[in-house]
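The first chain written gets the first letter, and so on, giving A, B, C, D and E; residue counts start at 1 in each chain.
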Amino acid sequence: EDTTDPGAAKTPKIGVILPDSKSSARWETADRKYLEEAFKAAGVQYDIQNAQGDKTQFQSIADQMITGGVTVLVIVNLDSGTGKAVLDKAKAQGIPTIDYDRLTLGGGAEYYVSFDNVAVGRLQGEGLVKCLTEKGVKNPNIAQLNGSPTDNNATLFKEGGVSVLKPKYDANEYKLVDDQAVPDWDNAQGGVIFQQMLTKANGKIDGVLAANDGLGNAAISVLKTNKLNGKVPVTGQDATVQGLQNILVGDQCMTVYKAVKKEATATAELAIALAKGEKKQVSQTTKDSESGKDVPSVLLEPQAIYFNNVKDVVTDGYVTKDELCTADFAAKCTEAGIS
Amino acid sequence: MSAVTKEPATAVAPQAARDEGILGYLRGYGQKVRGGDMGALPAVLGLLVLCVVFGLARPVFLTAPNFANLLTQAGPVVVIAMGLVFVLLLGEIDLSAGYTSGVCAAVLAIMLTTHGYPWYVGVAAALATGLVIGLLLGFLVAKVGIPSFVVTLAAFLGFQGTVLWLLDEGTNISVRDSVIISLENEYLSPAVGWGLAAVTVLGFAAVQLIQQRNRRRRGLKADLWQVVAFRVIGLAVLVGFAVAILNQERSRNPLFSLKGVPIIVPVVGVLLLLWTFVLRRTAYGRHIYAVGGNKEAARRAGIAVDRIRISAFVICSSMAAVGGVLLASQARSVDPNTGGSNVLLYAVAAAVIGGTSLFGGKGRVLDAVLGGLVITMIINGMGLVGWSSAYKYIATGVVLLLAASVDAFSRRRAAASS
Amino acid sequence: MGTPLLELRGINKSFGPVQVLRDVAFTVQPGEVTALVGDNGAGKSTLVKCIGGIYPIDSGDYLIEGKQVSVHSPRDAAQLGVEIVYQDLALCDNLDIVQNMFLGRERRSGMILDEPTMEQLASETLASLSVRTVKSVRQQVSSLSGGQRQTVAIAKAVLWNSKLVILDEPTAALGVAQTAQVLELVRRLADNGLAVVLISHNMNDVFAVSDRIAALYLGRMAAQVKTTDVTHAQVVELITSGRSGALGLAEEGAAA
Amino acid sequence: MSAVTKEPATAVAPQAARDEGILGYLRGYGQKVRGGDMGALPAVLGLLVLCVVFGLARPVFLTAPNFANLLTQAGPVVVIAMGLVFVLLLGEIDLSAGYTSGVCAAVLAIMLTTHGYPWYVGVAAALATGLVIGLLLGFLVAKVGIPSFVVTLAAFLGFQGTVLWLLDEGTNISVRDSVIISLENEYLSPAVGWGLAAVTVLGFAAVQLIQQRNRRRRGLKADLWQVVAFRVIGLAVLVGFAVAILNQERSRNPLFSLKGVPIIVPVVGVLLLLWTFVLRRTAYGRHIYAVGGNKEAARRAGIAVDRIRISAFVICSSMAAVGGVLLASQARSVDPNTGGSNVLLYAVAAAVIGGTSLFGGKGRVLDAVLGGLVITMIINGMGLVGWSSAYKYIATGVVLLLAASVDAFSRRRAAASS
Amino acid sequence: MGTPLLELRGINKSFGPVQVLRDVAFTVQPGEVTALVGDNGAGKSTLVKCIGGIYPIDSGDYLIEGKQVSVHSPRDAAQLGVEIVYQDLALCDNLDIVQNMFLGRERRSGMILDEPTMEQLASETLASLSVRTVKSVRQQVSSLSGGQRQTVAIAKAVLWNSKLVILDEPTAALGVAQTAQVLELVRRLADNGLAVVLISHNMNDVFAVSDRIAALYLGRMAAQVKTTDVTHAQVVELITSGRSGALGLAEEGAAA
């Protein structure tokens, strides 16, 4: 109970709010793990919570963390509005904050640590172009399977992807035949939507810009039924075991690997410093389009993963060889040089 | 048996066959429909209207490949809705049916992919999970007495967590077992399709004939042979037409042939037969209707109401388990969203649009199939119209409303004349 | 007359703060019609529901053929051979006449319901009760008239081999001819050796068919007497004031 | 008035005050509770149990700052649940209430932020939107005759699309108007808090005294003055205690003070009073209960059943609009998920846990408040436990179930003794 | 006797394929008690529901005080001064006795319900109907006995200033004393100038209070006669066979 006493809030304690567990597996399986490891190593107290995609919960968790005496607050916002409300509250209580993975517009956090989401989309676009070129497809028909229409990140991914493909569309090199968003990143719905895209295009889809590995797998599943898998390149994101396996067997063109560990470690370092009352210098900044201010940032580069560099993900320890190279994939693993 | 029935009947049985001939029968049917007793008519009308609308908007909607898509897409919703019919018949609800299917799908995927068991072990485990869930829900509703809305809302949250937990906080598990995959992704060979159609029609004809003969023997009013023949021929035309379309070549890959009746069709057909039989021809089914119509009357008639209620939840959850297997087959993968999102709402809507009442006592398993087709047709058609999400949501709502109002108008007519 | 078929002793039943039955004793002999009479709200239907296992008894003894039994549900009562037509007829409105009449005791051949047999039996039973206006036994009971519903409920109860048949105001909604048929049926059931309890507000009917009369007054059993020992007027007095000359509750009991 | 009542009454009124004195009253209450008529007791018990459990698990749960959090967090759910009570009282459901609040919040945000209107214009526009939505839903249910489940399911989808459309496919709009923001984020000054408490208690006392005096005047049985005094003092203690806690300093920043009753508390209080008055003291409220209890009986009594049904949907959607304003205030922004996710389920659960029946005819506005506090307490408490999502979902489900079973046990007792 | 208060001509009513009322004519005079009799399922309650606006009429004329009216809902009927106690008593089980009795016509002072007045009036009315076993008028009607429910429904209907009161088997569930009270009430209403329609299967009651008797047979009006012109046996014959000597339906009509 002493934590509520304003004077006694000296022991460093770092609060982290993760957004959900459904848009991507990374939050619970990777971020939580790496952050915990870093905090434990530094010997600071911490409290990591997941808002489960619910804004009300996001805010109650923030309220409770502030109430519970955290000295630094790290948030992955669900949207800028709620994020800003939380950052404002924390600031009023004199608690420094870090925007983790997603920038809170107008929020004015101390730091912003992230992968560049537009860059992720750009890698996907480039990957698709690369695979199509390798396959030698002329004037390919492209279908875009976007993430949740209510998720701002999905908009950013799409923006990046389209920035690569748009010139090709305009030049009539590529043809955009369908472009639909998948509510809630729901793979099952994604499968149905893609099935209908394929039907509508009378089977003539030559490349799929899928926003993540789950949606990519949904598209691949439909392609398999039509025995078109492997012929039609599909993109992805998150370097999930499933996505990497799809790449190994050639059903998926590429995925985007975000070295979550780097992101988590960088965040943990900044947070621990803040908790101790220090303010570390970082080299990059990001412009907050709403407040016009430059937020000190650590921006990490996402990496495109193709068949020949799947091993990088394993080397990084993001997925283990045991998970990835099950009986069905052992041969492909060897071929891809994973040992 | 009793003091009364031992007496010779002093009057003729009240129901005299007054409408003679085929014309009388048609007149009777017309009056019935005008009186509002429309059976499957509204749902069928709804299906026709949707076909016309989407067919005009996107001609590809009415092609053989899309027809096959429609049937495979409808599979999971129809199966989950079938189970829900039992719970709805009691005037209860199962909000957790969607996530139950998710949990069962996760169990299946873990058994198959993580542990490498053969498909039948996986399916058995999934069904057993569904059964246990049903027992638990039924127990809480019937014995503890918590309203089913609350129990299944709690289960909705709990199972959402369970799926996450089973899938290690959000990883996807691929399903690669060929038997499981085939359910939603493979097709019967054309010959087998025709064989199945023949068996269906002949079986139906046989059952009809036996029933009518039994009634005639007892001196009870039986249907005219013309009517029976009409029914059989009607079914034959319908089934034959569907098989003919599905046996067309649909492949877009010239190296490879894609035709035949989707395997899901006979699977759903068997489930439909089974549950229709249970509801209409067994004492258990009769008791389900009785409990849904008037729980107190059923209790006074000596029916073990609690047991009936628990069993309905068990059937519902077990069918959700089957639905989960189909979901896994369809997506070839299981993730934390499996069974989530709108699966439950669509399944309930399927049952209700088909004509099942939310207040209990009224509904058929066939409703789930027809309503499920309506819902799937809406989603399928929307997938062909390349609108933005906002318009798609709105249009889906509007189309759902229109489909439901066909039903509403028929029922208003019924209410006005009674 | 030997052991009574049904014997109740010291039955108490309260609903929350309201005590509806106080220390009620009641016996029914086989082969007899026992009329249970009492004013509106005296507790007749409550007593019947306690016998039928609809309501749990707070305290008291329940004996069938001299043996103590405990009845917790309508199933228990049915297994003991007790068949009841309740005043608030419990019919499933969504089922038809045949389905209601055989509810809980469906005829089967194998697993399958034997619909033709049930339909035939239902028609015969209804016909024997002078029901002529029912168009079809496949009609839903929700579309029946008040009297038709009552007849269905009565027919349902007498279709079975039971030892004790209790009818709670069975003729209330019935026409002249139908009432006569039901009273005749009641007499016939008793003559066949069953025990019959008839609740009725109609003194003519009571005196026409009953062997014994039991009068409830404000939840207490005022008296249980042979029909031949009392007059019309005496019974009415028992009903309205709980006592009639030497019969009935003691003065202070009636005042409680 | 009529031929009968003109006659002098020939007997005394049936209800004689038999239980005399305060002891008799207590005995009567004890019997009532044992008989199952527990009123708010289960929900209150649920609240106490949750306080103890979470308080033991996380002592910070029982501190003044968390108490203030709890109240502001409960605001939107409670308000939406209040509106739902009206629809539930009729035995209907509004699945779209959550997204209705989202649409109204979007309208508010667009008026305020995009167009720069003052707050009252924005709120008026949001309320008007809610009203129109309610009219539409009510019309479809009452006049067209589509089951409310289907209508509001369609609306659920449609409004989800509408929010997206209003927010241009997924942007979110900040709300910066200080009046709107203050609703969920500001506090009354301690003095005003005490003043409000005094007004509440005195008002309650006055109403009680007037009612009892009116009954005594008519010669009707009235409550003992001790009982009335007990009620008033009870309320005074409760309100005083709450205000005292909320007036403690909660700020951890020495430069800045944070204390007082959250503004949302009097807002919800006024709504509670208003709707309780409507339901219990006006003919309209009586008719709502009548329609929910027995629609046919209400119709035969000459009640305009359709109008009552439409009005209930209007109230529900308008309250959802208020809820939307609160959601916008709480999040200081509106995005396509506003009003989505579990908002609706929590609101329905709040009403049901409070004791409102899903089958109509039984429920109070107070239920929504108590149930909403239970639900919020569960969410709030879960937020303090540092579990992973999977466990939190499961635990939330289990706790919800436990909270509901307090209620179920009381009702089983009621059923057993009647 | 001047213009009848209610006159129906050529009323037809079908439920789907079942025609329940055929070409029914019916008149009710003010100041008189008209008994409507008929076998179970003859169509009495259906006729009453058509009058009350519960069921729409398929065809036929509906005149009140000589003026053609159209009644589409119970509200219309109530506005014309028609008050009905239906056989399937429609009470709101979730409301108490007072609330049910004043449903749709609540007493108010300003906007607020005037509960004390309503409670007092309800108590008095019930007392005047000889109901002594109701513990409190604040009891929910779901906890009432069959007779008590019926009394509440009757009390509800007679509380209002109406021109025509129709009672569908009002005494079916009532005790001896209560039945007497209701019959007395019926007579008193008529003597006060109201028109009263009483449906009953009890010939004694019918002959005791009615001025005229209308007999329905299989949905047709067999005869409408003065009570003093017919005997008990004639009425029973009309009910059971639709004709009695010169009275009643023509031979072929009865066979239809």
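Just so it is clear, a contact is a pair of C-beta atoms (placed from the backbone, for glycine too) under 8 Å apart; a residue touches a chain by one contact, two chains touch by 3 or more.
Listed by chain with UniProt protein names: B, D = Xylose transport system permease protein XylH; C, E = ABC transporter ATP-binding protein.
Only a predicted model underlies this, so the values are computations on that prediction, with no experimental measurement involved.
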Where chain C and chain D overlap in contact partners, by chain label: B, E
From chain E, the most remote chain by mean C-alpha position: A
Chain separated most widely from chain C, comparing mean CA positions: A
Approximate Å spacing (C-alpha centroids) for the pair chain B, chain D: 37
Between chain E and chain B, distance of the C-alpha-averaged centres to the nearest whole Å: 46
Chain A and chain D: spacing of chain centres that average the CA atoms, whole Å: 39
Euclidean distance of C-alpha centroids - chain B vs chain C, Å: 43
For chain B, residues contacting two or more additional chains: 164, 169, 388-390, 418
Multi-partner residues of chain C (at least 2 other chains): 15, 131-132, 134-135, 143
Interface hub residues of chain A, defined as touching at least two other chains: 21, 28, 32, 149
Chain E to chain C touching residues, read off their complex: 15, 18, 38-42, 44-46, 87-88, 131-135, 143-148, 151, 169, 172-179, 201-203, 218, 236, 239-240
Residue ranges of chain D in contact with chain A within the complex: 58-60, 63-66, 69, 72-73, 76-77, 164, 169-175, 185, 250-256, 258, 327, 330-338, 340-343, 376, 379-380, 383-384, 386, 388-390, 392-393
List of chain B residues in touch with chain D within their complex: 95, 140, 144-147, 149-151, 153-162, 164-165, 169, 345, 348-349, 352-353, 358, 388-398, 400-401, 404-405, 407-409, 411-412, 415
Residue ranges of chain A touching chain B (in the complex, touch as defined): 21-22, 24-29, 32, 149, 178-181, 183-189, 191-193, 195-200, 202-204, 213-214, 217-218, 220-221, 224-228, 231, 240-242, 245, 327-328
Interface residues, chain D side, partner chain E - complex: 1-5, 7, 9-15, 214-215, 217-220, 281-283, 286-287, 289-290, 292-294, 296-304, 361-362, 418
